[in-house]
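Labels A, B, C and D are assigned to the chains in the order they are written; within every chain, residues are numbered from 1.
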Amino acid sequence: MQIRTKDDYVKSLKEQGHTVYYNGERVQDITTHPAFIPHINAASKTYEMALAPEFEDLATAVSHLTGERINRFTHIHQTVEDLIKKVQLLRAIAHETGSCFQRCVGWDALNATYMTTYDIDEKFGTSYHTRFTEYLKMIQSTNKMVVGGMTDTKGDRSKPPHQQADPDLFTHVVERREDGIIISGNKAHQTGAANSHEILIMPTQLMREADKDYALCCAVPLSSPGVLQIFGRQTNDERKFGGRTDAGNPDFGLVGGETLIVFDNVFVPWERVFMCGEHEFSGLLVERFATLHRQNYGGCKGGVSDIIIGATALAAEMQGSAGASHVKDKLAEMMHLTETIYSGSISCSAMGRKTPSGAFYPDPLLANCTKQNVTRHIYEIARLAHDVAGGILATMPFENDLKSKEIGKYVEKYLAGVPGVSTENRIRILRLIENMTGGTALVESMHGAGSPQTQKVMYGRLSKLDMKKKMAKKLAGIEDEPSQV
Amino acid sequence: MQIRTKDDYVKSLKEQGHTVYYNGERVQDITTHPAFIPHINAASKTYEMALAPEFEDLATAVSHLTGERINRFTHIHQTVEDLIKKVQLLRAIAHETGSCFQRCVGWDALNATYMTTYDIDEKFGTSYHTRFTEYLKMIQSTNKMVVGGMTDTKGDRSKPPHQQADPDLFTHVVERREDGIIISGNKAHQTGAANSHEILIMPTQLMREADKDYALCCAVPLSSPGVLQIFGRQTNDERKFGGRTDAGNPDFGLVGGETLIVFDNVFVPWERVFMCGEHEFSGLLVERFATLHRQNYGGCKGGVSDIIIGATALAAEMQGSAGASHVKDKLAEMMHLTETIYSGSISCSAMGRKTPSGAFYPDPLLANCTKQNVTRHIYEIARLAHDVAGGILATMPFENDLKSKEIGKYVEKYLAGVPGVSTENRIRILRLIENMTGGTALVESMHGAGSPQTQKVMYGRLSKLDMKKKMAKKLAGIEDEPSQV
Amino acid sequence: MQIRTKDDYVKSLKEQGHTVYYNGERVQDITTHPAFIPHINAASKTYEMALAPEFEDLATAVSHLTGERINRFTHIHQTVEDLIKKVQLLRAIAHETGSCFQRCVGWDALNATYMTTYDIDEKFGTSYHTRFTEYLKMIQSTNKMVVGGMTDTKGDRSKPPHQQADPDLFTHVVERREDGIIISGNKAHQTGAANSHEILIMPTQLMREADKDYALCCAVPLSSPGVLQIFGRQTNDERKFGGRTDAGNPDFGLVGGETLIVFDNVFVPWERVFMCGEHEFSGLLVERFATLHRQNYGGCKGGVSDIIIGATALAAEMQGSAGASHVKDKLAEMMHLTETIYSGSISCSAMGRKTPSGAFYPDPLLANCTKQNVTRHIYEIARLAHDVAGGILATMPFENDLKSKEIGKYVEKYLAGVPGVSTENRIRILRLIENMTGGTALVESMHGAGSPQTQKVMYGRLSKLDMKKKMAKKLAGIEDEPSQV
Amino acid sequence: MQIRTKDDYVKSLKEQGHTVYYNGERVQDITTHPAFIPHINAASKTYEMALAPEFEDLATAVSHLTGERINRFTHIHQTVEDLIKKVQLLRAIAHETGSCFQRCVGWDALNATYMTTYDIDEKFGTSYHTRFTEYLKMIQSTNKMVVGGMTDTKGDRSKPPHQQADPDLFTHVVERREDGIIISGNKAHQTGAANSHEILIMPTQLMREADKDYALCCAVPLSSPGVLQIFGRQTNDERKFGGRTDAGNPDFGLVGGETLIVFDNVFVPWERVFMCGEHEFSGLLVERFATLHRQNYGGCKGGVSDIIIGATALAAEMQGSAGASHVKDKLAEMMHLTETIYSGSISCSAMGRKTPSGAFYPDPLLANCTKQNVTRHIYEIARLAHDVAGGILATMPFENDLKSKEIGKYVEKYLAGVPGVSTENRIRILRLIENMTGGTALVESMHGAGSPQTQKVMYGRLSKLDMKKKMAKKLAGIEDEPSQV
C-alpha cells in the first residue's frame, strides 16, 4: 500500500508497532503523544507537499526505475536540475515547518548507497546494486520513510572499532548465516527515526581491514525484533505539553527529534544487505552520504533562517524599534548569512556530476564548504536575533501568567508594544525566536552532517593544493625547485 | 538584625511575605519552591563567602561611613583597589555557582545613587545624599539584598514616556504627598528580585523636561503593598523539578532568575526618595549605573566561562578526543575570549577615578568596551563548547532512561566514553555544558547592563574623535583646514 | 581588423594614440613603459587563452548575432551555462595572472546595456537597442577591449549631481546637437582603461528627473579628442622598475591598473548614444551592471586566492613549518573562504534568468551576497597568509642586497630555509605573497563592483522580508494582526 | 656624555660609525639618508618627550639604582604604576608619530634581563646580575638607545639549533676566551636597530642541553667590528624619496624600520655577558621578554589606531559621507577594537607582580591575550578604514599629477570633496590612511612580540585548566571520578 496523505502516514506509524522510549517509559502510541506529534507534523509535510499542485514539480519526480511519479524524497537524482530542486524543496518545506522535517537523511542514504553499491559490484562482481535497486523500488512504491543510519556512538574516539572496550560501540556483523546476518550495535542522533519505517544502516567512518565486520550497509524495518529506540531530551521539550503560546512553534518540532537506536542481535536477510565486509568502499560510502547531506544545509537551514529573520523583524516592529538603522543593518546581515549558506547548496548542486551508476552527485568540495559555513552562520544569525529582539526574550512570564485571572492584566499591560499589537501576539513571536535560536537548534547546525573538523579535514584532500603551489611558483618565476617542495 | 549566614538569609526571605507569581500561581514560600531554591543558593554564596576566611579580603570591606567590616556587596568603592577587588570577587563567586549570583545589580545601584545624589545636592541644594547615606547605613548594617531597578518595559521604543499610550509603561510619580510619593509602573528583567529584600528604583533612561515625573530614584521594600513580581520562564527551567543529572548545574540557577515587578500605586516615604523630578541628572545616574554594571561582566562571565572551559575539556577527555590538535586549539580560543573580557573589567577598574562624592568610578569607555565584547564572546565560547562536546549534547536520553530498569543498561552501554569514566558522569558534564550555553544564558550576556547598541552609541560620546582628527591632520601635514571639517 | 593575438593587441594600443599620464608626465608609448607592461600582459591573457585549444570552450563563444565564434569577453550570455562559464573562465585566467585581467568590466557593461536598451525601447519606442546591437557587432568582430565606465568621482556624497558645486563631478550631457552630443565629466577607478580601446559610459547611480542630463549611456573611443587619462599610484608600483625578484609577480599587474578619465567637451555621435535622459532606467542599468560585475568576484578573486594559498603553503614548506597542525588548519581556512566566494559566483549564475532582451542575467540577491563576502574574506585570507608566512614578509632585504658582492653572501646564508631550497626562490615566494596581500589589492576587493554598504542596502530590497514575516506569523499562530505590522 | 635632545641623538648616530646597508649599498650617513630620517624622527620623540614638561611624569622616571631622573625607556619598573605608565607613554608617543618609535624593544630587553640574571645568580651563584646592573647604570646615564635582540632567522623551523645545516642560523658562542667570548650568527626583524647604539642579545627560544652554546645573553655596541646591518624593504618605502603628499605620514617611519643584523665573529668582553650556557633559564628569559613586549601592543597600536580612526573620520567628512549611519557604526567599531587592545595592555599592567629581583612584571596571561587580539583587530581596523575611505584609496593619481601644469587642474577639479576642503588636503588624509593600513604595517602587528601561535600555545600553560576542570566537576555533582580525567 502506498502512503500518500498525512493520514496514511500517521496510520502507518500507529500500526507498525516499533519500540520507542520517552523519559524512561515505553510509548504506546507515538501518534498521540505530545512529544512526538510536532515531529510527525513536520515529517508529514513531505507527504502533503507532494500532493499540493503548486509544489508538484519540486516535491515529486519521475522514477528512473519505473517511470512512475514518486515522492522526490525517494528519488535518485538524475540531473543537475534534480540536485538544485532538492535544495529548493528543502527551503520550501522549512518555510512551512520552521524546523527539521527529517526525511532528507534517508533520501541521502538511498542515493549514496545506490551509487556505491554500483561501484562495489563493478570491482568485486557482487550483486549489491541489483539487490538495492529492488529495495529502492519497494521504497518508491510504498513511499515509506527511511532514516539514514550513519553515526555510531563510538566510545573512545581515539580508538578504532576493534580496539574499543565494548565491540558494540560500533554497529557490526555478529554472525553470518545462510539466510542473512545478525547485527548488534547502535546508531545515535537518528533524526526522525521515532516516526520512520525503515533504517538504512551505513558504516560510520572509513574502516580498515581489521574492522571488516563494521563495513556494513543494510536495511532494517524499525519494527524488527531486537530494535529499540530511546528519544533524546530537547531544549524546552516539555513546553509542548502545555499551551500553544510558550511552545514557540507549537505545531512543529524543534529540530528533528533524535533517537538512540539499539540493535540487539537483529536478523537481516541477505536481500537487505548492501555491503558486508567490503571495507575498501566504506570510506567512499561515508563520503558520499556526507556530501549529499552537507548539500542540504543551506536549503533547510536557509528556510529556517528565513523564519527567524521574519520573526525578528516582527519583534522589532512590535516594540517600535524597526526604524533604527542598526536594526535594519542587523536584519540585512542575517539575510546575508542566510543567502551565503543557501548559495553554497545551490553551487554544489550546479557543479554536480554524474557518477558511474548514473546518479548525480553534488560537488563534494562545495558541499563541504556549505556545511562549514552553516556551523558558523546559524550561531551568528541566532546572536543577531537575540540582539534585535531584546532582553525580554529571556525574562518573559509564563503563558499561564498571561491567562491568570489575578495577574493576566499586568502581563497584558506591561508587555504591550506599539499600539495595535496584542501582547499575546508579541509574546508568540518572541517565543518563536526563543524556540528557534536555543540550545538543541544550534547544536544541530553544528554537528548534523558531520562536525566542523570533518569538513576542515576535507579541504586538504579536495582542494588541489599541489596545483595551487605549481601556479604560485610559475608566477613567482621559480622554475627548477627540487621536488620535495 | 544582621543577615550573616545562609540560614539568616533564607529565614529573612521566608518571613518577609512578598508577592511572587510563578507559572500563573502565587508562590507561598519561595524558599521551598524548586524553581527558586537554585537562585537562593546562588545569592547565598554572597553571604557565605564573606564568612570564609580565605575570601575575607575580597568578600568584605570596611565601611567608609561606619568603620565596620561589611559585606562588600554593600560597600561604596573607595579606591582603585576596591574596583579591582570587585571584579576578582565576581569571578571567584562565579567559580562556585557557575551562574549569576544576582547581587551586583543592587551594589551598582547603591554606588551610582551615592555618587549622583551628591551631585544633585551640589547643584540644587537638595538633601538627597544625606537621606541616601542613612539608607545605605541601614543596608550595610542589616546586609539586606537590594535589587537595582533600572529597566522599564518601555512599550513603543520609538516614543518617550509621556507619549506612550499607557503612562505606566515607565515607572513614575503619580502623586506627591506630604509624607511621601505614590508611584506606579514596572521594572522588567529584575535579576534576583524574587529573593531580594529591597529595590532601588532608578530612571531607565535620560529624561527630558516633559518626562520629569519619570526622573525618579527611590528605595522600596519588596514586601510593600502594591508591589508584586512575576517570575520569568527560563530555558529548561522545569528540569530542576526532576533529578539532579539533567539539571546540568543542579544546585544553582540558570542566569539570575528575573522577574517583572509591578508597582500599583505604591507609597514611598520622602526619606526613601533620592531623585524626584531632577531630570537633568537622570542621564548621569543611568550612565553611572550602566558603567558600574558593565564593569562586572568580564568578572562574572569570565568566571562562568572558566567553568564552561573546564567542562568542555572534560567532555573531550571523556570521549577520547582531548589529544586532537583542533580540540586544543578551540580550548585555547575559549580561554583567549575569556581573558579578553576579564581584562576589560580589570582595565576599566585600574583606570577608575574618584568622583566628587569620594566614591570611585570605573573608566566608562573601557567598561563599555568590556560589555560590548561580552555580547560577542560568550556566544562564541558557547559555539566552541558545542563544537568540542559533540552532537550528543543535543540528543542525549533523559535521566529517567538511564535509571530505567528496562533500558538503563543500553544508555549505560552506548553512551560510554573512554574506559574508567562512568556514563552518568559523562552525561552530567554534557548537561552542565548544555545548561550554560543555551538560550537564557546567552541572551543574558547580550542584554544585561545594556543592549549592544547602547554601547556602540557611547563610543561616539566618549572616544574623543575630535582629538583623533586633530592628530591625524598634524601627521598628514594639514595646517589650515577650515573649521567645518 | 580583428585583434587575435597578443601582438595584435599590443600593436593596436601602440597605434591608437590615446592620452595617458603617469606620475605627472604624458606617456608616449604605454606598450614599452614598465608601469604598463604588466597590465598589458594581464589583459593579453584574455586574447591568448581564446586561442589555446584547451580553453576554447571557456574563452570563446558563438555570437547570437552573427553565429561567428567570438572572444567570450564580447559575448552576450544566452544560457545559464554561459553564466557559469563566465565564472569558470575568470578563475582560470586568474590562475595565469595572479592579478586582475581587467576585461570583465567592459563585458559586464556590454551585457547590462544590451538588456536595458531593449527595455527602454519597449517603454519609450526609442531605437537604442538597435543602435547598440550594431555597436556590439563591431566590438565582437574587431575584438576590441572595452572599459565599463561606471563610477564618477561624485564630489560631495551627500548631494545629487545637480547640487554639486561643479557640474562635472558627474558625467553629463553639455550640449545636444543634430549629429550627436557633447559630454563632460569624469570616470574614476577605470580598471584597464589605459590599455583599452573604448569606454562604454553608464550613469553612476539612479538619477532623478532633476538629474536627467546625467542619465547618460554612450560609447567613446579612448583616443577621442578631449579624453585624457591619469594613471593611479599603486602599492609598491616602482618595484616593477627594478629586478624581477622584489616585484613579487613580475610579469603581471597588481590589481587592474586604474585611471581617472577626464572628458573635456567630448563629441559623441548619436549612433553611439544608448541612453540620453531616460532617467527612469538609470537605476536599472546601474543595478544590472552591478549584479553582472558582482557575479565575477568569486571567480577572479577565487583564482587569485588559489595563488595566495599555493604561495603560502610553499612559504611554510620552505621554512620547515608545513607540518604544524595550526599551519594546516590555516591553509584549510583559506581554502574554505576561497570556496565560499567561488560558490557565491556559481550559485548566482546557476539561478540566472532570461531577461526580456533574451540575455541571461545572474540572480541579483546571490550576486550581491557574493560580493559582500569578498569584501570580508579576501582580507582574512591575506591575514592568514601573513600569519603563516611569518614576520620575514615585512623585513626582507632588497633584491640588490641579495645580488651585492659584499653582502649577498649574508642574505643567502641567513635567509636560507630548509636544505634544498634556494634563498632566492624563498624570497620570490614571499615577495609574491607580499604583492598579493598588500594595500591596493585589498582595497580593490573592498570597493570593486560597489562598496559594502551598496550591497547591504540591496538586502532590504531583494530579500522578500514581507514574505518572511508572513511565514513567521503563521508558525507562531498569529492570525489577525492588523496591517501595520 | 648624556644624550638629551634630538640633536644629541642625531649627532651620536652620525659619529658612531656602524655599518648599515640599504638596497645593496653601504650607507655613509644614515642621519642624512631619506630612508632613515623618518625612523630617526620617530625614535627622537622618545628623547624629545622626556624634555617636555607636560610629559615628564610619563616619559621620565627616577632610577632605583641611582636616584637620578632618567628617561623612562631605560627604567626598571618598580611598581604597578610604572607598568601602567609604560602603556600610557606608548599610546601618547604613537599619537605624535603615527608609527613605531622603536625604543620599547630595548626597554623590554633591559627589564627581562634584569629579572632573569637575578634568578640565574640565585640558582648558580654567578654574578651576571651585578654585571648587568653596571651595564644598566651606563645606559641610564648615557641614555643610549638599545635594541632588544630576540629573533634569529632560524632556518628550518622543524629543527633545533644544533641540527641546522648552518650553525649560524642561530646566534651562538663560537669561542670562550679569558677576556670574553666570540659570537657568530644573526638577529632578524631588528626594529630601530639602524639608528640604535647597542644591541642586547637574548636567546630566541627555549634551549636544551644540546644547544647550550645558543643560551646566550650579552650586550654589543652596534659599531663593533664584525657587526653589520641590512635594512629591510618596506611597503612604498621609496615614496619618502619624493614629495610630502604621497608619503602619507611624511615625517615619520612606516612601522619600525627593521634590519637583519649579522654577527661575524664578534668579540664580547665578559663584563657584557649576562648568560652563557645556562640553558635552564633561556625559556624564562624569552618568556619574560615576550610578556613585557606583548604588554606594549595595546599601547602603541592603540595610539596608532587612534590616528587611523581620526583620518578615516576626516576622509568621510571630506567626501560628505560622515552623516551616514553605517559610517558612524564603522567608526564606533574601530574605536571598540582599539579600546579592546588598549584595555588588554592596561589590565596586564594592573595585575602585574613583583619578581624576586624587585622589578615588576605584567601578568603574562593577560599580556598574551593582548597581543593575540592585536593580531586580529589591527587587520579589522584597516579593513574598516578601507571601507569608509572608499575605492579612491587605491586609485589616486600621483603627487606629481596634482602638481603638473598640464593636468594638475583636472586632479584638483575631480578629486574635490565637499566645498571648503582642498583637494590636496583630501589626498593627504587618504595617503595617510593608505600608509598606515598597508602591507608592512599589518605584518608588524601580526608578528611583532611573537606570532599568533606562540600566544595560543601559552594558554595551555598559563590558564589553569586543571582548576577549571575541578570546578566544573564540582558543579556537575561529580565526586569520585578517577584521576586520569
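Annotations
In this section, a residue touches a chain if its C-beta (ideal position, glycine included) is under 8 Å from a C-beta of that chain, and two chains touch if they have at least 3 such contacts.
Chain-to-protein mapping (UniProt): A, B, C, D = Aromatic ring hydroxylase.
Treat the numbers as computed from the prediction; the structure is a model and nothing was measured.
Distance from the centre of subunit D (Aromatic ring hydroxylase) peaks at A, each centre being the average of the chain's Cα atoms. Across the two candidate interfaces, B-C and C-D, the one carrying more C-beta contacts is C-D. Mean C-alpha position of subunit C (Aromatic ring hydroxylase) lies 38 Å from that of subunit D (Aromatic ring hydroxylase).
Subunit B (Aromatic ring hydroxylase) and subunit C (Aromatic ring hydroxylase) have Cα centroids separated by 51 Å. Per-chain CA centroids place subunit A (Aromatic ring hydroxylase) at a distance of 39 Å from subunit C (Aromatic ring hydroxylase).
The multi-chain contact residues of subunit A (Aromatic ring hydroxylase), meaning those touching 2 or more other chains, are 326, 329, 418, 456. Contact topology of the protein chains: fully connected, every pair of chains touching.
Interface of subunit D (Aromatic ring hydroxylase) with subunit B (Aromatic ring hydroxylase) (complex): residues 84, 95, 97-98, 244-245, 248-252, 306-311, 313-314, 317-318, 328-329, 331-333, 335-336, 339-340, 342-351, 365-366, 368-370, 372-373, 418, 420-422, 425, 428-429, 431-432, 455-457, 459-460, 463, 465, 467-473, 475-478, 481-482, 484-485. Within the complex formed with subunit A (Aromatic ring hydroxylase), the residues of subunit D (Aromatic ring hydroxylase) that make contact are 325-326, 329. Considering their complex, residues 21-26, 151, 153-159, 165-166, 168-169, 186, 188-189, 228, 230-236, 238, 246, 255, 258-260, 262, 319-321, 323-324, 326, 375-376, 379-380, 382-383, 386-387, 390-398, 400-401, 403-404, 406-407, 410-411, 413-419, 434, 437-440, 442-444, 446-448, 451-453, 456 of subunit A (Aromatic ring hydroxylase) touch subunit B (Aromatic ring hydroxylase).
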